[in-house]
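Inspection log for the structure reproduced underneath, given as structure tokens.
Residue numbering begins at 1 within each chain, and the chains themselves are lettered A, B and C in the order written.
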Amino acid sequence: MMTSQAQPEKNSGKSVGAVRELSLSYRFVRWLKSLWSLNLLLGALSLGTILFIWEFAGPLGIPAIKDVPPPSSVIAAAMDLLVSEQYWTGWGLSFQRIGIGFLIAQMIGIPLGLIMAINRFSFGTIFPVIEILRPIPPVAWIPISIVFWPTREQSVVFIVFLGAFWIVLLNTIGGASQIDRRFKRAALSLGSTPKDLFWKIILPATIPSIVIGMAVGMGISWEMVVASEMIAGDTGLGYLLWQSFQIGAIAHVIVCMISIGIAGYFSSALIRALGGFATPWRRLH
Amino acid sequence: MTAAFSVRMQWLLRNPRIYQGMLGIGCFFLAWYLLVDMFGVWRFREMPKLVVGIKEWLNPDPVFGMSLFTAEYYMHIWASIYRVLIAFLVATLSGITLGIMMGWKRIFFGLTFPILEVLRPIPILAWIPLAIILMPGRELPIIALTFLAAFFVTILNTLLGVQAIDKVYFRAAESLGFSQLQTLWHVIIPGALPYIFVGLQIAMGACWFSLVAAEILSGNAGLGYKVWETYYYVQFPTMVSTMATLGFFGYISSALVRMAGNRLMRWREEMLAGI
Amino acid sequence: MMADIGELSIRNAGKIYDPEGIHLVALEDVSLEIKASEFCVVVGPSGCGKTTLLNAIAGFDQLTGGEILMDGKLLASPGKKLLPGPDRMVVFQHGALFPWKTVMWNVTCGPLKQGSMNLHTATEKARELLVRVGLHGIEDNFPEGLSGGQKRRVEIIRALMNDPKVLLLDEPFRALDALTKSVVQEHLLELFDFSPKTIFFITHDLEEAIFLADRVAVMTTRPGMIKKIVAVDIPRPRDYRVLTSNRFLELKAELGEAIHEEAKKAFEAGERELA
């Protein structure tokens, strides 16, 4: 069962720092066992129950849910969509919009945030303007966006940009201003120049906050892209969802919902993984 | 009384931040005026003009029918606020309750967290079709959507808040002989409050976001709906005032939540003052 | 047998973390007899297991070997679920005063929750004890507004208010600067003289141990065992001048060698600071 290696050293009946080294195979077996945990069972139980109720809502006569297509027809609709070109083009286009809008938001937001955190004058002048514009929901900007930008594509990307921009800006400012003063002082007393200070102290210390801003911003971006596509788009997953609703193909709607959810989940997870990459000193946690 | 007030005013007036702020905002409006009203540079030509927008808003007899002086304005404001209020309240009560239960009892967590994690990534707006199908009338789906956005955020932040409570406080409560209920009331809830209120502010923002989108897609009244209407009927000056109104109420509602939080967590004043 | 007087009997206590896996032996065969109303201090290097022993008595951790008896009755043994309680009240290392409650609430919550005192009695007694340690007028403050030394005193008072049979202190003065530490130590001794209780105090500071204790027990580095027990026969009441008395220096020499030996072993074993 367990194959431990070094036996604790015994000298005069005492073991100094008696900790055993565990073999790889033993650790793997223990990891497997931990998966089969109570949490997993409970999760399976609750999800299973919900799926069951959903599937048989019709025959069981449950009021509202029976009007929703059951999981079986959702699966059928999924089969339908997974082979349709429109679906996969939709994925591509939505991702593309997210990618561009999100990236631009980072490219403008991070430098601006850093500048505002370092330079008090820029903070004092720019922040009030931000605070005025930020409370206006990005979705409310859609009409202006359509009017201003020559193409639909650009207007959708703009909304995605806007949603992510506020988040990344605030997180960057927050992260950069919270840097422990001791780090800066230590650096200065070790003789670093302002340029050094920025690149080697401020920037790396802000990265965790930036990463959080990116992860949250990514989630928001998906909300934005779906909103803009539903309201003002003519392609993309969000548009597909709304279209399916207009023609009454509710099972297709549900498939789109799940697809977007999956897409959003993986984008956020990707960002978080990349973030872990960029902050190796935190990976011990 | 007045002495203290004038000291405050002096401090305020000497603070460079005020002037920087005025400079920034001034530049913003100046840029708007120059780019759109005056010179009409590139695409800015098509945009709503600043001066015209303000004039229309302050016009007792507005060209496009809505201004500070018309009843319609307040009708839309109330329609939106009413929805946000209900949705936010229900989301707060249910979200905090669920979040605390999840943070407190493992079994509850095990049962509910998977469902939450499955549903959460789905963008709120994607729920509109289902909301419209499942719920009668026009109001309810919009309120439900607004509720949903705030609900997820609140649960998550409450859960984080409970989990973030230093375990030593639980040990102290055990040593002191607190019952389960006493621990809940005196340790868990106050301990989680900071995170809860951060969550509530985000939730308020989320409310307005989903409200506007839901109103655009299926409403017939409300500030979000009006923004779309002004676009559709090319009533640009009114579009600007509506957007500004949205921003205003969004800001006020978040600020109110924040102030409520500060009152409830007065112990933090001393802590934060130390920083 | 005897009335409940707070006599602690630790026999062959052992604690192994993760016996099937990494098999970390924290305590091995620890035996110690503590008489009623005795101030017993356990000294040892960081990571030697003294906190584990305290946790076993308090009920935060379960033994895997041996047993602990209090007043002749079995308190802790392997497999016996021991709950923490006010009869073995703990004063925590980094402080566990509830930051969201006032000092008065923190101090009186124990007896009030158990119904052993009514509000009036509790408040009066609390005030009396607080004044005794030099704190008056701070009852309505929040803990974050207090200094480190003040917080530690309040936490000790909180523990005492519950009239515990054994008072457990987990390196409580570790984070205080040397000057504050000596003042707070004197206050603790005053409280002890005024109303003697069985005290189980752990620390890594030898001088603190000798200054406070009736008996000092030296614990070896991991796995922890009691290496040496020395009675401190310096008469009470003691004040800071004791620290330079001959008897004190003799005791320090006697215990110093044992401690230093363990400290070196711990250092070489690369113990990470557990605080």
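By definition in this document, a residue touches a chain if its C-beta (ideal position, glycine included) is under 8 Å from a C-beta of that chain, and two chains touch if they have at least 3 such contacts.
All values reported here derive from a predicted model rather than from experimental measurement.
By C-beta pair count, the most extensively touching chains are A-B.
Relative to chain A, the most remote chain by averaged C-alpha coordinates is C. Chain A and chain B, compared by their mean Cα positions, are separated by 21 Å. Look at where the CA atoms of chain A average out and do the same for chain C: the two points lie 47 Å apart. Among the residues of chain C, none is found touching two or more other chains. The residues of chain B lying in touch with chain A in their complex are 16-17, 19-21, 23-25, 27-28, 43-44, 46-48, 106-107, 109-115, 118-119, 121-130, 132-135, 205, 208-209, 211-213, 216-217, 223-224, 227-228, 230-231, 236, 239, 242-244, 246-248, 250-251, 254.
Listed in rising order, the residues of chain C touching chain B in the complex are 58-60, 83-86, 88-90, 92, 94, 96-101, 109-110, 113-114, 141-145, 158, 162.
Contact residues on chain B toward chain C in their complex (touch as defined above): 166, 168-169, 171-172, 174-179, 182, 186-187, 190-191, 193, 265-268, 270-271, 274. Put simply, chain A touches chain B in their complex at residues 38-39, 41-47, 50, 64-65, 67-68, 121, 123-129, 131-144, 146-150, 219, 222-223, 226-227, 230-231, 238, 241-242, 244-245, 250, 253-254, 256-258, 260-262, 264-265, 268.
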